[in-house]
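Each structure below appears as C-alpha cells.
Okay, so subunit A shows up in both of these, paired with subunit B first and subunit C after.
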Partner chain A sequence: MNRSLTVDVLFWCFAAGSVLTGYLVFRTDSMVRAAFWLLASFVGVGAILVLLAAEFLGVVLILMMAGEMLIMAVVMVMFMMNPAGLNPMFMVHQHRFAVAAGVVSFAGLSAVALTVDFPDQPVDPAVDATAELGFELLGDSMLVFQTAGVALLATMIGAIALASRNGRFGTADEGSLEPALDIEELESP
Partner chain B sequence: MRAYLDPGAAVVSVAVAMVVGVYVVAVIDGTAGRLAAGAGRSDLGAVLLDPLRTVALLLTQRRRRTERADAPGWALAPGLLGGLAATGLAVVPVGPGTAVADPSTGFVVFATAIAFVMIAVFLHGWSPNSLFPLIGAYRYGAQALSLQIPFLLAMLATALPAESLAVMDIVEAQADLWNVVRQPLGLPLYLMVGVGVSFWGPLNLPDGADLIGGTSAEDAGTDRLAWELARAAMLFSIAAMGAAAFLGGWWGPLLPGPVWMALKTLFLLVVMVSSRHLVARVRIEPFVVACWAVFIPLALVNIFVSGALLL
Partner chain C sequence: MTLEALLVVAAALFAVGLYGAISQQSFVMLMMGLELMINGALLALIALWAHSTGGNPQGQMLAIVFMTVMAIEMALGFALITNVYRVRRADITEKLRKLKG
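For the complex of A and B:
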C-alpha cells in the first residue's frame, strides 16, 4: 500500500474513532468511563496531529491527557459523592441548553470548515519539525508562550493556595475560623 | 529520514525482545529470592523452570468474576500495560542506526507510555468493582502523579547534552562520557521512579500485600498471568531505556554494540528486580511527600547543573 493511502486510511480511522468515543462520553453512565472515553477521543486527535507531521504536538497532547484524565476522574468522583464512580448516573444535564449549544457550535465549526480555504503545504520530510518547533517556541513566539506559562503558573499557585489544608487561621478540618474582632480591654491604671 | 522497521518486522522483534525480557525478569527474581532466603544456588534447574511452571499453573487456574464488574476494562488493562511496555521498548535503539523506531520525539513517546501506565493500573483496579482493587487504584493514582514529574525531569536532563529528543541522538551524544557520570543524580532518580512506575518491590503500593493484592486482588488464572507478564515487560522496557539514556547504550570497548546494550540492560534489571528482596516496602504517604519535596528539587538541580555545564 502506498504511503499517502495508508495515511488517509489512518486519518479516517482516527477521526471516526475520536467522534465515536466523544459521543460515548455522553452516552455512558459512569464518570470514570466518561473520562476514559474522553481520553480515547483525545488520543485519536493526538494521532491525527502526528499524521499531520506535528509529531511533538501530537505526542505531547497524548502525554498530557493521560495525567489530566486521571486527575479529572479522581476529582469528579470526589465531588460527586460516588466514591467508586460505578453507580449509574446521567452524564447529560440542562438538556435544552445543551442541545442549543451543540447545534450552534456544530453549525459554526461546519461553516468554518466549509468556507475557509485551508493551506496545502506538505512538510518536507528533511525538515525536523520538532527542532523547528523548539526554535519557534524560544524564538519569535517566546513572549507569547512565556506569558501564557507565567499565567498558568500563577493559576496553579492560586489553586494550591485555595485547596491547601493549612489556611491563614488554622487548618481547614478544624474550622479555619477568623479570630474575633473584639478588642481586649485595657486595664485602667 | 530516521530508522524505522517494517510494521511486520517491528512487531516480531518487539515481541521476541519482550518474551526474552519477561523470562529474564522472572529468572532474576527467582535467583534473588533464593539468595535472599539463603537457599543457595545449587538448584539452577528449578530457577530456570519455575517461571514456566508458574505460567502453566496460571493457565490452568480458573478465572474469578466479581459482581457487576466492568469486563471490557478488566480485560483491557493488562493488554494496555503490555502495549505500553512494547511502545516504550520500540523507541530504544540497540545499535548505531539500529532501532525498531527512532522518531525525532522518541523520548516523548517513551514518557507518554510511562504516563499511560497510571491509566492502565487505575482501570485494572477500578473495573473489578471490588474494594481492595479500588483502593489500590486510587493509591496508584497518588503514587503515579507524584512520580511523573521527577521521572520526566530526570529523563529530560539526558536530552540536554544531545540537543535532541530522539533516543538515538541521546545515545550518540554519550560517545566520550556516559550520562551516568555527567549527571550523577539522573540514574538513581530514574531507577527509583522506574521501580515505582512498574510498581515493583519496595514501591509495589497499588498491588501490595497490605491490600491483599490491591488492584490484582480479584485476579486469578489468565487475568493474573497477563497482568504479571505486562508488569515484568514494563520493568524490562524501563531497564532498556535506562541503559540507553544513562549507561551509554551501545558504546563500549571490544564487544559489539548490541551485546553491550544487552549487558547494560541486564545490569539495570538485576538492580531493579532484586530490590524486591533487598529493600523494605515503603508507605505511600512518606513516599508521596518525598517525591514532591525531595525528588523534584533534586531532579531540577540535576537539570540546572547539566544545563550550566553545557553553557
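For the complex of A and C:
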C-alpha cells in the first residue's frame, strides 16, 4: 500500500470518527461520558492535523484537550445532577430550531467549500513546518505570542476572581467588609 | 485527503457543535458545543494552511491564537458556572431568567 493511499484511509477513519464522536457528545446519557466523547473528537482532529504536516499543533491540541476534558469531567461530577448516566438524559430546548441551524450551517459551509476555487499551494514536503513555526513564534510573531500569554494570565486572574468564594475582606455576596483589627474581640466566645 | 473533503469535515464538526450550543440546556454541555465549533474552525484553518498558503508559518500562528481562545473560553466558562451555581443554584440555562443579581 503506497503512502498516499494510507494517508487517505487514515484521514477518512479519523474524520468519520471525530464527527461521529462529536455527535455522540449530545446523545450520551452521562455527562462524564460526553466529556470523553468530546476528547475523542479532538483526538481525531489532532491526528488529522498531524497528517496535514502540522505535527506540533496536532499533538498540542491532543495534550491540551486531554487536560481540559479531565477538568470538565470533574466539573460535571461537582455540579451536575446525574453525572453517572444512571437515568436517561435528554435536556434540550428549541430542539427543532437547533437541528435546522445545524443542517443549514452544514449545507452552507459545505457549499462554500465545494464551490470556491481555493489557490493550490500545498506545503513543501522538504520544509520542516515545525521548525518554521518555532522561528515564527519567537521571531516576527513574538508580539502575538506574548499577547496570547498575557491574555491567558488575565483569564487566570479573572477566573479566580469570579470563582473564589471569599475575597480578602469578606464573602462575595456580602460585599467587602473592613478587616477586624481587634484580635481580642475575635477570640472572645 | 483533498481540501474539499477536509473543509466538509470541518463544516460537519461546526454544524454538530452549533446544534449542541443552541439545543443543550446544561451550561457545560453548551460549552462543549462551543468547543466543537472551534474544533471545526481549527480544522478548516489548518486545512487551508496546508493546501493553499504554501506552508506560511503565520497560518499556524493563527491556529495557536485559536487554541488560546479555546483555553480562555473554557476557563472563564467554568468560573462563571461556579459563580452562577453558588449564587443561584442554577445548572441549566432555564433557571437564569433574570440577569439582575
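Keep in mind that, in the parts below, the second predicted complex is superposed on the first by the 140 of 189 C-alpha atoms of A that agree within 3 Å, B and C clash if a C-alpha of one lies under 4 Å from a C-alpha of the other, contacts with A are read in each partner's own complex, and residues count from 1 in each chain.
Here is the rule we go by: a contact is a pair of C-beta atoms (placed from the backbone, for glycine too) under 8 Å apart; a residue touches a chain by one contact, two chains touch by 3 or more.
Everything quoted here is computed from the prediction, not taken from an experiment.
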Room on subunit A for both subunit B and subunit C (clash or fit): fit
Subunit C versus subunit B, contacts on subunit A by residue: C
First, second, both or neither for A:F56, with subunit B first and subunit C second: both
Partner chain(s) touched by A:S105 [first = subunit B, second = subunit C, both, neither]: second
Which superposed partner A:V32 touches (first subunit B, second subunit C, both, neither): first
First, second, both or neither for A:L70, with subunit B first and subunit C second: first
Touching partner for A:A129 - first (subunit B), second (subunit C), both, neither: both
Three-chain overlay, closest Cα atoms of subunit B and subunit C, distance in Å: 14
Residues on subunit A lying within both footprints (that of subunit B and that of subunit C): 56, 60, 71, 129
Of all residues in subunit A, those that touch subunit B in their complex: 32-33, 36, 39, 55-56, 59-60, 62-63, 66-67, 69-71, 73-74, 83-86, 125, 128-131
Contact set on subunit A toward subunit C in their complex: 7-8, 11, 15, 18-19, 22-23, 25-26, 31, 34-35, 38, 41-42, 45, 48-49, 51-54, 56-57, 60-61, 64, 68, 71-72, 75-76, 79-81, 91-95, 97-99, 101-103, 105-106, 109-110, 112-114, 118-124, 127, 129, 132-133, 135-137, 140-141, 144-145, 148, 151-152, 155-156, 158-160, 162-163, 165, 172-173
Residue ranges of subunit B touching subunit A (in the complex, touch as defined): 1, 68, 70, 73, 103-105, 108-109, 111-112, 115-116, 118-119, 122-123, 126, 129, 134, 138, 141, 144-145, 148, 164-165
Subunit C residues within the subunit A interface of the complex: 1, 3-20, 22-26, 28-29, 31-33, 35-36, 39, 42-43, 46-55, 57-58, 60-61, 63-65, 67-68, 70-72, 74-76, 78-83, 85-87, 91-94
